[in-house]
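Below: a set of structures, written as C-alpha cells.
Each of the next two complexes has chain A plus one other chain: chain B in the first, chain C in the second.
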Partner chain A sequence: MEINVNVKSNLRIQAFYLFFIIVSMQIGVGILGVPRLIFSEAKQDSWISILMATVYIIIVLFVMLLTLKQYDNADIHGIHLDVFGKWLGKLFSTVYILYFAIALYSVLITYIEIVKVFVFPEVSNFVMGLILICLTIYGVLGGLRVIIGVSFVFGVLANWILFLLIHPALQIDLAHYLPLFQASFVDLLKGAMASSYTFMGFEILFLVYPFIHNKNKVSISSILAVTWSSLLVLAATMLAIGFFAAAQLERREWAVLVLFKTQSFPFVERFDYIVVAELMMVVAPSLLFLMWGLTYSIKRVYKVQQKTTLYITSALFLIGTFFFEKHFETQQVINFANQFGLWLIYVYPFVLLPFVLLKKRLNKRKGARSS
Partner chain B sequence: MRKRLKRSSKNIFPLKIDELEHLLMREFTNSPDLGFSKYEHQNKKIAVFFITYQVQPDKVENLLLTPLLESKKDWSNTSILNEIPLNSGKEYQLLEEILSGLIIGKVMIYLEDETAVVSYDFLNKEKRSLEGAETESVVIGPKVAFTESLVTNLNVMRWNIRTPDLAIEEITIGKRAPREVRLLYLKSLANETDVNTMRQRLEDLEVDQVEDINVLMQYIEDSSMSLFPQFHTTELPDRTSYAILKGKIAVLMENSPSALIAPSSFFSFFESTEDLYMRWNSGPPLRLIRFISMFISVVLTPMYVAAVTFHYEIIPTQLLISIGQSRAGVPFPPIFEALFLELMIELLREAGARLPTKVGQTIGIVGGVVVGTAAVQAGITSNILIIFITISALASFTAPSYQMGTTIRLLRFPMIVLAGILGLIGIMFGMCMLIIHLLKMTSLGRPYLSPIYPIHFEDFNKALFRLPQNFQHKRSVSLSLKDSIRFSKKKAQEKKDIDE
Partner chain C sequence: MIRKTILLLIFSVLLTSCVPYKQLEELGIINTRGVDKIENNQLETTIIAYQFDAQSPEITTTVFGIGNTIKGARENAGYNTNFELSPGQIRLELYGKETAEDGILEYLSTLVRDARVSDTMLVAVSNVTAKEVLTAGQEELMTDVGQLIQSLIEKEVQEYSIPKTSLQNYLRIESDIGQDPVVPLIGLRDKKPAIVGLAAFQNDRLVGELPIDQAFLINVFLTNTKDTPLEITLQREPLSDYIYNNVSDTYQADNPENEDQFTILVKVLKGQGDIKLKNIEDLHFEANIHLEVDLYETSELLSIKDEKIASILEEEMAKEFERQYNVLFAQLQEINSDPFGFGIIYRINKKDGELTDTEWREKFPNVTVDFNVNVDLMHYGTIQ
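Showing the complex of A and B:
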C-alpha cells in the first residue's frame, strides 16, 4: 500500500463538488428526527446547541485539513500506514472500515423503518433492502465520478421539498422560542451531542481528498457545505419547535416529516407520502458514498478487488436487514453508530494530528542527518 | 476468401485479350451483365468491358468509343490517357481493383500486351431527388432531407458549409460488402481527441457489412446495453451542419438517408432546429415543454397507478370521488388496466406506422375513438385513466428525435410495473436508477448528462434554454473545442446611454 494515492487525471474532480459530497453525506434520515433529540436536551435554546456543534465541526474540519496537508496526496489509510506502521495502521484503518459498515447499516434500516411507519406498514424488510442495495450496487459500480454525480444531481433535485415547508413555517408560534437563554451550559452541550449523528458524514473528506484536483479550494468548499447542512438542521429544528407544542414535540419521533402533512394542494392532499419517496434521493447518495468508502478502504488496506467486496458486503447487508425489525432495535443500532462515530469522527482527528506532526518532524530530522 | 484475395492481388498483366475475357467471365460466373467487346484497330486488339447497367451507355459510345476507334492513331495506354478528353482516366494493374471498379460502374479499356488497364468513370447511379423531411418535420426553416445517395448528401453539406475548413474524410467499412463512410468536421474547431476516437471506432470495425447508419450507430456506440440512443441520427442537412459548426462530428454513409452526430448529450435530443429559427424568447420555452412532457410521459401513468393502488390518501377527496366512480365498475387492478391501455396505444402507433397514410388515419379514428369509448362503456377501463394515458402518449411524441421518443415510451412499462408493486417508493426507485444510469453513460467518451454533470453553467445557455444572440459569444465548453469564442463579448454587449 502506498502512503500517497496516485489518482489518474480523468478521475480527478473539482473541489466544487465537495460541497455536494459533504452535504449529501450529512443530510440524510437524521435530520427528520433530530429536532426532538436536541429539544429534549436544550429546549427552546436548541439553536445555540446547533451553532456550538457547527463551530466544533468546523474546528474538526480544520484539524482534518491540517493533517491532510502534511502529505502530498494521502488519504486516512495512507496516513495510518505512515504514522502507526504496517500492523497498527491496518488496525486503525479497520476501525474506519467498521465505522463505514455500521453507518451504512444504520442509514439502511432507518430509511426502511421510516417507509414502514409512514407508507407501507406491511412491507417486508427484504424487499425494501433489496431495492436500496440494488441502487447502491448499481451506483457504486459506476465509480467515484458517478457517485459524486449522484450526490450532485440528487442533491439539487431533492431540494424542492423545502418549499413544502413554507406553509408550516407561516403557522409557527413565536412564543415557543421564548424565553431565551434558559438552558444551562451542560444542557447545551448535551443538545450539541444529540446532533452528532445527523452531522456525521464530513469524515468522507479523509477519503476523497486525494481525488480533488484544486486542493486550494477544499477548505472553503467543505466549510460552506458544513454551514449549509447546519442551516438546514437549524431551520428544521426551529420550525419543529415553533410548530409543535413542547409536549407534542417530545413524543414525535420524526417531527419534520409530520410538518409536511400540513401542506396540501388541490391535486395532492398528503405530501408526506411523496416526501418519504423523495427521501430516497436524499438517502441514496449517503448509501453510495458509505458503500464506496467501505469497499475502497478494503481495497486500499487489504488489496481486495472492489467489485468482490461490493457484492459480498451487499449480500451481507441484505441478510442483515432481516434482523433489527423492531423500533428499539433500530434505535440501538443508531445509538451504537452514534457512539462509534462520536469518538472516531469528532475526537480521533485531534489524536491523529499530533502523531502526524511528530512523525513529520522526525522524518525531517532524519532527512537532515542523512544529507 | 483470404486465399482468393491473395491470388487476385498479384499483377496478372500482360496477357492476351481472350485470356482476359476468360478470366473475367470466370470471376463474374458467366454473367450476361458483363459487356465484353473486342475491337481490331490499326492491327491492335482492344477490349472494352463494363457492367452494362452500371454505366451510361450513350456516354460511353459518344465520349469514349467514338474517339477511340475513329482515330487513326496507334494507341497505347499513355496516349489514351493523354488524348481522350475525359478527366477520370486511371490505370489499374491488379485484378482486385479492376473487379471492384467494374462493380461501381467504371469502363475498362485493355490494349493487348499492355501492362495495365485504363479505366474511365461513367457511373450511373439510380437516385431519388431531394424531398422534404418525413420523420423530423419542421414548421419553419429548411425542409430538405438527406437522400440515399452519398454524393447528393455531400453536395448538400458542401453548400451548407461553404468553407475549405470542412474536412471530409473517407473511410470504407465492411469486410465482405464494403460501404463508403464520410467523416465530417471542422478542422479549426472540432476536438481532435473526439475526431480520433470516432475515426478509430470506424476503422476498427470488423464486420461483414453495415446495412444503414442506424446500424453503424449501434456498432460504435459507447454502451450497447443501454436503452438510450447515444448518437443522434437526423435526416435534416441543416441540423447536421449546425452540429458541425458547433464543433461536433458528423458521419454520413452511402445508401443511408440520415447523418450521425457525435458526441450527443441527453439534452441535445430535445433540441429542434426550430429553437434556433424562432426568436430566443418564443422558441426555447417550447424546448422546456419538451422536457416537461418527457417527465410527464414517464411518470404520469405510474403516478396514477401508485396513487390508486396504494396511496389514495394523496388524492384530494373531491378528485377521489370522481376517480372512484369511474373505477367502480372496472374489474382489474390498476396496474393491469394501465398496462392494457398502454399496450393498446403502442398497438395503434405501430399499426399507424406500418399502414399507408390514408388507412392509417382510419385506424387512428377506429382505434382511438371507437375502441376507447367502447372500452369505457364496457367497463374494462376507467375514462380518467384513458385521459392520463393519452396525455402521456402525446407527450412522448414531442421528442424531436424518434429514437429518444421510443426510449421514453418503453421506459413507461417498467415504471408502471414498479408503481404497481411498490407505489411511490417504486417510482422513486425507478427514477433513481434512471438518473444513475444516465450519469454512467457516455457518448464518444463524453458524459451524457453534460452540462448538468459535470456542471458547466456556461452551457446551460445552449443545452437548456437560449439567450439572445449577443449573449452567445461562447461556444459549448463541454465539447472542449479548439476555439471557444464565437465573437467578442464586449462589442456585442456595448451599452449606449439615452439619446446618443
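Showing the complex of A and C:
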C-alpha cells in the first residue's frame, strides 16, 4: 500500500461536489429524531447547543485538513501507514472500516424501522433490506463518481420537503422558546453531544480528499457543507420545540416526521407517507458513501478487490437485518455507532495531528542528515 | 435502451408485491368513532365506517364494539362486520361526557402511538354519551352523522367562532403546562346533532361546559381571528336617542314592551388578544383585546349619523365584551381551567422558567386579570 493515492486526473472531482458529499453524509435518518435528544438535555436553549456543536465540528474539520495537508495526496489509511507503520497502521485503519460498517448498519435498520412504523407495519425486514441493499450494490458498482452524482442529484431534489415545513412553522408557539438562557453550560454541552450522531459524516473527507482536483477550495466547500447541515438541524429542532409542548417532545420519536403529519391538502391527505418515501433519497447517498468507504478502505488496507467485499458485506448486512428488529435493539446499535463515532470522528483527529506533525519533522531531519 | 425500459417496467410491477396490499373493497374505513366508558371499566366504541359494498345501498355502516382498550373494542366490533376496520381515516373522535370527565389522555395516546392515524382528526365531546349522539342522529337523518358533525365543527373553526380542535392542537395545549384545551360540545337539538357549547378541560379531564358564544372570546387569545360573525347584546339606554321610531317618525324612542337591551350583529374582521403579566407576586395580569368590527344588523333601527354615535357604540361594545370576559373568567377560575394560557405567561416570566401543573392549579384561582377591550367600528354597510 502506498501512502499517497495515485488518482488519474480523469477520475478527479471538483471541490464543489464536496459540499454535496458531506451534506448527504451528515443529513440522514438522524435529523428526524435529533430534536428530542437535544431538547431533553438543553431544553429551550437547544439552539445554543447546536451552534456549539457546529463550531466544534468546524474546528475538527480544520484539524483534519491540516493533517491532510502534510501529505501530497494521502488519505487516512496512507497516513496511518506512514505514522504508525505497517501493523499498527492496519489496526487503526481497521477501526475505521468497522466504523463504516456499524454506521451503515445503523442507517439501514433505522430506515427500515421508520418504514415499518409509519407506512408498512407488516413488511418484512428482509424485503426492505434486500431492496435497499440492491440499490446500494448497484450504486457502488458505478464507482465514486456515480455516487457523487447521486448525492448531487438527490441532494438538490430532496430539498422540496423543506417547503412542507412552512405550515407547521406558522403554528409554532413562541412561548416555548422562553425564558432564554436557562440551561447550564453542562446541559448545553450534553445537548451538543446529543447531536453528534446526526452530524457524523464529515469524516468522509479523510477518504475522498485524494480524489479532489482543486485542493485549495476544499476548506471553503467543507465548511459551507457543515454550516448548511447545521442550519437544517437547527431549523428542524427549533420547529419541533416551537410546535410541540415540552412534555410531548420529550416522548416523541421522530418528532420531525410528525411535523409533516399535521397538514393535509385536498390532493394528498397524509404527507408523512410521501416524506418517508422521499427520505429514501436522503438515505440512499449515505448508504452509498458508507458502503463505498467500507469497500474502498478494505481494498486500500487489505488489497481485496472492491467487488468481492461489496458482495460479501452486502450479504452480511442482509443477514444482519434479521437481527435487531426490536426498537430498543435498534437504539442500542445507534448508540453503539454513536459512541464509536464520537471518539473516532470528534476526538481522534486531535490525537492524530501531533503524530503526523512529529513524523514530518523527523522525516525532515532525516532528509537533512542524509543530504 | 428498450431492454432496460422493459426490465424497469417488469421490476416496478414485481416490486409492488413486496409490500402488503390492502384492497379498498375489503376495508371498512372508519370515519367517526365514539368512545364511552361502560361498567367494569370497559369501553364501548361506536364506529361509523365507509364500506364499498356493491350490494348495500348505504355507504356507511355503524358497528359497536366492547373492549378494555380502544383497539380491543375495534377488534370486537370487527366481529360484526365483514370488512376489515381500518383507522387511518378517522376524521372525528367523539367522547361521551362521563368518559371525558374521567380523562381522555389514555385514549388519545393510542392515536398518537399508531403512526397511521392522522393528526388532523377532530376531537369533540358529547353532552350525553357518544353512542347516543351518533346513533340517534343516524336514525333521524339519512346522511352520515360523523360527516355532519365534522362539517359543523370545521365550518365554525373556519369562521374562528370556536378554537381549532384537531388532535395535534388538543395534545399540545394539554401538554403545555399553564394552558388547558377546550373542545366543542356536541349535543342533540331536535334529535339532530349540533354544537351546543364548549367543553372546558382541566388537563385531560372535562370539568365544565361553557356557552358556545363565549368560544370566540377564548379563541381571540389562541389565534388571530378573522371574519367572525357575532351577536352581542348591549345596554339600550346610551343608544336610545339614536334609535329611530318608525311609528312616530322621530328619534323619540318609545321603548315599547321590550326591555332595556339592544342587540346587534357584527362581523369581527380582526381579533387579537394579548396577555401581559403586570405583577408576578400578586399574580396580576392584564389582557388586552383589540377587535375590528363591521356592523351588519341591529335589533331596532339605529341611525349612525356621525362619529359620536359610532364611538358610543364602540364603547358600549367594549363594555359588554369586558363584562363577558369577567363572567367567563370567574367561571373558569371556579372550575380551575385555564384555556387562555395565563399559566404560560406566568411561566416564561418566572425566574427559572419552570412551573408544575399542581403549582399552577393552586395559583390560578387567585389570579386577577384586567380585561381591556378596544373595539373599532370600521364599516356599517350602505345605510347610516
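As a convention for this text, the second predicted complex is superposed on the first by the 371 of 371 C-alpha atoms of A that agree within 3 Å, B and C clash if a C-alpha of one lies under 4 Å from a C-alpha of the other, contacts with A are read in each partner's own complex, and residues count from 1 in each chain.
The rule we apply is simple: a residue touches a chain if its C-beta (ideal position, glycine included) is under 8 Å from a C-beta of that chain, and two chains touch if they have at least 3 such contacts.
Fair warning: this is a prediction, and the values are worked out from it, not measured in the lab.
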Q. Do chain B and chain C fit side by side on chain A after the overlay, or clash?
A. clash
Q: Figure out whether A:Met281 sits in contact with chain B (first) or chain C (second), or with both, or with neither.
A: first
Q: Once the structures are superposed on A, label A:Glu2 by its partner contacts, choosing first (chain B), second (chain C), both or neither.
A: neither
Q) Just chain B (first), just chain C (second), both, or neither: which does A:Phe152 touch? A) first
Q) Looking at the overlay, does A:Asp72 come into contact with chain B only (first), chain C only (second), both, or neither? A) neither
(Q) Per the contact definition in the header, classify A:Arg270: touching chain B only (first), chain C only (second), both, or neither. (A) both
(Q) Taking the superposition on A as described, I'd like to know which of chain B and chain C A:Ala245 touches: first, second, both or neither. (A) second
Q.
Under the stated touch criterion, which partner chain does A:Leu178 make contact with: chain B (first), chain C (second), both, or neither?
A. second
(Q) According to the stated criteria, A:Phe120 is in contact with first (chain B), second (chain C), both, or neither; which is it? (A) both
Q. Is A:Ile131 touching the first partner chain B, the second partner chain C, both, or neither of them?
A. both
Q | Residues of chain A contacting chain B in one complex and chain C in the other | A | 119-120, 123, 127, 131, 264, 269-270
Q) Which part of chain C faces chain A closely enough to touch in the complex? A) 15, 18-20, 88-89, 115-116, 118-120, 166, 168, 171-177, 341, 344-345, 347-353
(Q) Quick check on the complex: what are the chain A residues that touch chain B? (A) 14, 16, 115, 119-120, 123, 127-128, 131, 134-135, 138-139, 142, 146, 149-150, 152-154, 157, 264-270, 273-274, 276-278, 280-281, 284
(Q) Under the definition above, what is the set of chain A residues touching chain C in their complex? (A) 44, 117-123, 127, 131, 173, 175-176, 178-179, 182, 243-248, 258, 261-264, 269-270, 272
Q. Considering the complex alone, what residue numbers of chain B touch chain A?
A. 310-311, 313-317, 319, 422-429, 431-433, 435-437, 439-440, 449, 452-455
